[in-house]
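The same chain A turns up in both complexes below, where it pairs with chain B and then with chain C.
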Partner chain A sequence: MTDMTTNDMGATASPQDAAVPGGSEEKRLGLWLTLPAQLLVIFIALFPILMQVYISLTDWSPLDGIPWYRAYELWIGLLNYADLANDPRFWSAMWRTCIVMAICVPVQFLLGLGLAILFVDDFPGRRVLYSTILVPMMVVPAVAGYMFFMLFQSGGPVNDILSFFAGRPVTIAWLSDPDLALFATIVSDIWQWTPLMFLILLAGMVSVPQDQQMAAVLLGASWWRRFRTIVLPRMKTIIIIAVAIRVIENFKVFDNFYIMTGGGPGVATETISIYIYKVTQQELIWGYVAAIALAILIVLSVVSALAIKKLRSA
Partner chain B sequence: MQRSLSFEIFRYAAIFTFLALSLIPTIWMISMAFKPIAEWQASGADLTWWPENPTLDNFRFIFGESGSDLIVALERTAGRPILASLLAATFGTLIAMVAGTSAAYGLSRFGAGGNLPLALIQLRIFPPMAVMIPVMIMWAFLGLIDTWYGLALIYGIVTMPFSFWLMKTFFDDMPREIEDAALVEGCSRWRVFLKITLPMMRPALASSALFVFILNWSDYLIALLLTTRDWVTIPVYMASLSSSMTGQLYGAKAALGLIAAVPPVIMGIAIQKQLVRGLTFGALKE
Partner chain C sequence: MTEIVMQNLGRDFGDFTALADMDLTIGSGEFVALLGPSGCGKSTTMNMIAGMLDPSHGEIRFDGRNMNGVPMAKRGVGFVFQNYAIFTHMTVRDNLAYGLRAQGVGRAETDRRVGDIAELLQLTPMLERKAAGLSVNILQRLAIGRSAVVEPAIFLLDEPLSNVDAAFRAVMRAELKSLQRQFRQTMVYVTHDQLEAMTMADRIAVMDHGKLLQVGTPLEVYNHPADTFVARFIGAPGMNLLRGTLRGGDTGHTVDLGAAGHCPVPTRQGGEVLFGFRPEQVHPDAAGPLQMTVATVERIGARTILHLAAGEHRAKAVLDSETPVPDQGEPFRFAVTPDDVRLFDPETERAI
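Then we have the complex of A and B:
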């Protein structure tokens, strides 16, 4: 921001710039064009984060009857952060989010990759089947949550299908058993986002040039060998991007989990976003929430900055 | 490449198995939306996969039409939440597109913007839940809680990274010769942008806007935190379609779910060529 303003002032101040046709005009136009976006970013990032730092050092709650800017009356220093380090519910939510990620992302990746292999060359019906596969990812995630809530009722269709294969009535109470509830929520995530993996991986696979593969075919290389030595290495960047997108989104996961189980039974499906939401809405200790949120923001910005840097240099 | 017959059989078998599983939730929702109340909760042998007596009662019910055989009338109908979702998503898309497109042009042509691209990626990486406390305080201070324009503002900011990156890749791809020709003719940079570049970009603008609209329309968490009653959006309102008295109003939920699901599915299929570009921040163009 700062060096941009100096650029602009320099441009208006020096007559030499104006002598270059379009030079100063272009600079000023560039500034004006990016200004709204810059202001919005500052409005949503800089100011709230400063506010968050301040509130996180207090014990402020919206029920205290004092406005947030007078939260210093409830100053507790770094106590919230100390509490955070010893908060078993926070760490278990963190751990659960990582488990969800560790299951969802690989399954989505393998299913997506498998489907992409089937779709990479043309066959009758390809277009229609391709569009049909994409449908789940366009369903509103919250609506998907309500749908899966119905599917996993004990008298619902999932048990009906299982009954059909088992040959006897199956009445599993999916959403009230801690392990099964987590399984059910994971299934809903895999259902919704496998198409995204498929879409991105297929686009990457199609763009791998054909000539080398043809040459390998002539040399008698097997399909698996061609795939492993020619196709996969060329898809490296796109695989990293696809996996990164799902890791990021999985870390934020909220909608379908919260709607299906509300984080329960107990805290069995409580991911980090659900945990923060519950502390925000039910326990209303916003000073503490600010501390949690800030800790997550710091970790994420460091990790993402490193990742982006590495990806750019690659 | 020529494939063997057995591969073709395997291909169709695998794709159809996957589709059969993946379409179950969608089929169930469609079927439930047209089921009369007697079939909602049926289980075991009575469970029907397709409505035996299809009816539009569920749709009539959520729009408050009495005379259906449902137990209680709704306190509030689905009309207002649908309007809220439409207004917030549409104006949010407008904000994201105006700010994102102009910034993308500024960066693509004049290298302006400094750290904006990186800041926008980071904005996307942060879980919205992690900045919601200050946002809730700010929105309360500005009187934006429970208004459609308050929701539209935050939607616009949250989806701006997508409009920015999408439009940036489109501008990067656009040949500059036409713009240069107009500049030589004596047009100002502004006029070139408004009268030549933007009209040429109409298809790109349309698909980016649809993409951003789908994202805004899909939100649940932000509306859950920033709306309370008058301007709740469809997903938030759907939770009220159940109570201790009536139990789960499955059919009504499915009907509204179907209404909420149809626009993004149609739009998504319409822009499927641009989906990859949008989802990967322009890293991959199909």
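Then we have the complex of A and C:
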């Protein structure tokens, strides 16, 4: 049998098949109809960025008494960017943020994936547990920060539990030791955001076609082989999305860190967001803040672009 | 080559009985079609043979070995899914090699067997292509090849032709039959299409509402349906069934069909019966004992189908297109050879 039909299952309508409605007349009408929405989008997205670029090229501060649109009077060119390149506090905050991310995202991913594997099949009590696991995600981040602030007090529950197992009083100063403080804040982030990872990964896992998994089992595949060769490859897109969301979100961590440690002790838990906050609120050099914000915007844009590129190829 | 024995096999889903007390033996190397409308329990049966579903009661034996509780990976069953369940993120080669790799077959051996099966199924030119973009008929062959390459003792096919167009279906029917002869496996084929079952199967198991109604060769179920369901389901169009009364007489027994007339039958029992005859076995005969009015004439090329009515009776007749037929609304007189008549009990609907 050598005949082949062109009846491709995976084929979708080619762009040519989609009717091109009308000519330029209709296009112009379409433009007019969507113009308000487009202007709104431009205003929301573009205006703040342009304003930031503008401010970042000046030495403007709200204390100077001149309105922002006349900031050109304090024009300093790229001096803010030169300062940024030589600002050790900025770079250490960047580095710290990356460390937090490098720990939080993989741990959240593995925990989320493990939970998704447990929850993909039905078991008694699954629905109740499922809702319970999602609770941390719904807690206001500032409240979560407060909870962990309480938990990690030197007379708090964490030390009490440790004392119980150690058999002697444990009084670790979690939030005033530089290394332990970072650890405690990372724990709070993992607690709060593993559920989101779990939710996204579970949705991806459930959507892996059952019959393909059945087919793999009938062909003699072990659980691990089925997981590795069918489930994971089919979840690739959703994994990229989940990790990208968490990388971007993690880059912006603020609430729980600020409430638990205020970035301290010293600058031990000062992430990039906390650094920006301090420069904005305490030092009031807004031209410099605008430069930092743009630098971060560029970093996150690159991360997003990489993720989107991965998605396209997946 | 494995013999499958199902004994007292049943499956309930809550209050719903998907399959009730099935007894069926499928011989080694035999091609059996499970035929019935959707919801008849044929897929439930198939899934239990494969081990995807546990029976509520009864047992399945492969070559005498009880399979209850044996996980599906260990049953040596090849399964072709209705939608093929091809691993579309892999190449054709990886699909074909999947089972062999899973079973730890060596690389050289895997390559050889994948090469052989690809040759047999004419998949060699597309071995390195991603399965995602392939046409339905290639996916179809790939699905069969992927299961066949591990040489399962039993091959299960779940409506494999329901997704393909009519022309390709005819090609595949012949293809599947010849493949089965080459693989020499025990094949169980689930379908709702009586034509597929008639053309391919060694034996047909007709099912309805979770019950096995009749098992037999295609000609047996066609010529001697065990009950009215089988009579109507097999054949296109199905058997005509007219309600009548059996009367004895000096010249032999006849069935009194009221408005449609009388027809002699070779039987002795009396009372109410369902009088059954195949549309193909209607003989136009101006002096025939039966008369009905032509309601519609359907001309389909080589054949003409007459839709007939007489009082409450409805029937169809299939004639070849050469035969002159009366026009719509005119009476049609015909005979049915007594040996072709099948009688059914109107209460139990079983054959008499």
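By definition in this document, the second predicted complex is superposed on the first by the 263 of 314 C-alpha atoms of A that agree within 3 Å, B and C clash if a C-alpha of one lies under 4 Å from a C-alpha of the other, contacts with A are read in each partner's own complex, and residues count from 1 in each chain.
Please note the rule applied: a residue touches a chain if its C-beta (ideal position, glycine included) is under 8 Å from a C-beta of that chain, and two chains touch if they have at least 3 such contacts.
Source: prediction; values computed, not measured.
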Contacts of A:Pro106 with chain B and chain C, given as first, second, both or neither: neither
Between chain B and chain C, more extensive residue contact with chain A: B
Which of chain B and chain C A:Ala216 touches, first, second, both or neither: second
Partner chain(s) touched by A:Gly262 [first = chain B, second = chain C, both, neither]: neither
Which of chain B and chain C A:Ile230 touches, first, second, both or neither: second
Touching both chain C and chain B, counted on chain A across the two superposed complexes: 1, 3-4, 217
Residue numbers on chain C that touch chain A, as the complex places them: 50, 52, 72-73, 77-79, 81, 83, 85-90, 98-99, 102-103, 122, 132-139, 146-147, 150, 165, 168, 171, 175
Residue ranges of chain A touching chain C (in the complex, touch as defined): 1-11, 209, 211-212, 214-222, 225, 229-230, 233-234
Chain A residues touching chain B - in the complex, by the definition given at the top: 1, 3-4, 22, 25-27, 29-34, 36-38, 40-41, 43-45, 47-49, 51-52, 55, 68, 111, 114-115, 118, 121, 123, 129-144, 146-148, 150-151, 153-157, 159-160, 163, 169, 191, 194-196, 199-200, 203-204, 206-207, 213, 217, 237-238, 241-242, 245, 248, 251-252, 254-255, 259, 272-273, 276-277, 280-281, 286, 289-290, 292-294, 296-297, 300-301, 304-305, 308
Sites on chain B touched by chain A in the complex: 1, 3, 8, 11, 14-15, 18-19, 22-26, 28-29, 32, 41-44, 47, 49, 95, 98-100, 102-103, 105-107, 109-116, 118-135, 137-138, 154, 156-158, 160, 164, 183, 188-190, 193, 214, 217-218, 220-221, 224-225, 234-235, 238-239, 248, 250, 253-254, 257, 260-261, 264-265, 267-269, 272, 275-276, 279-280, 283-284, 286
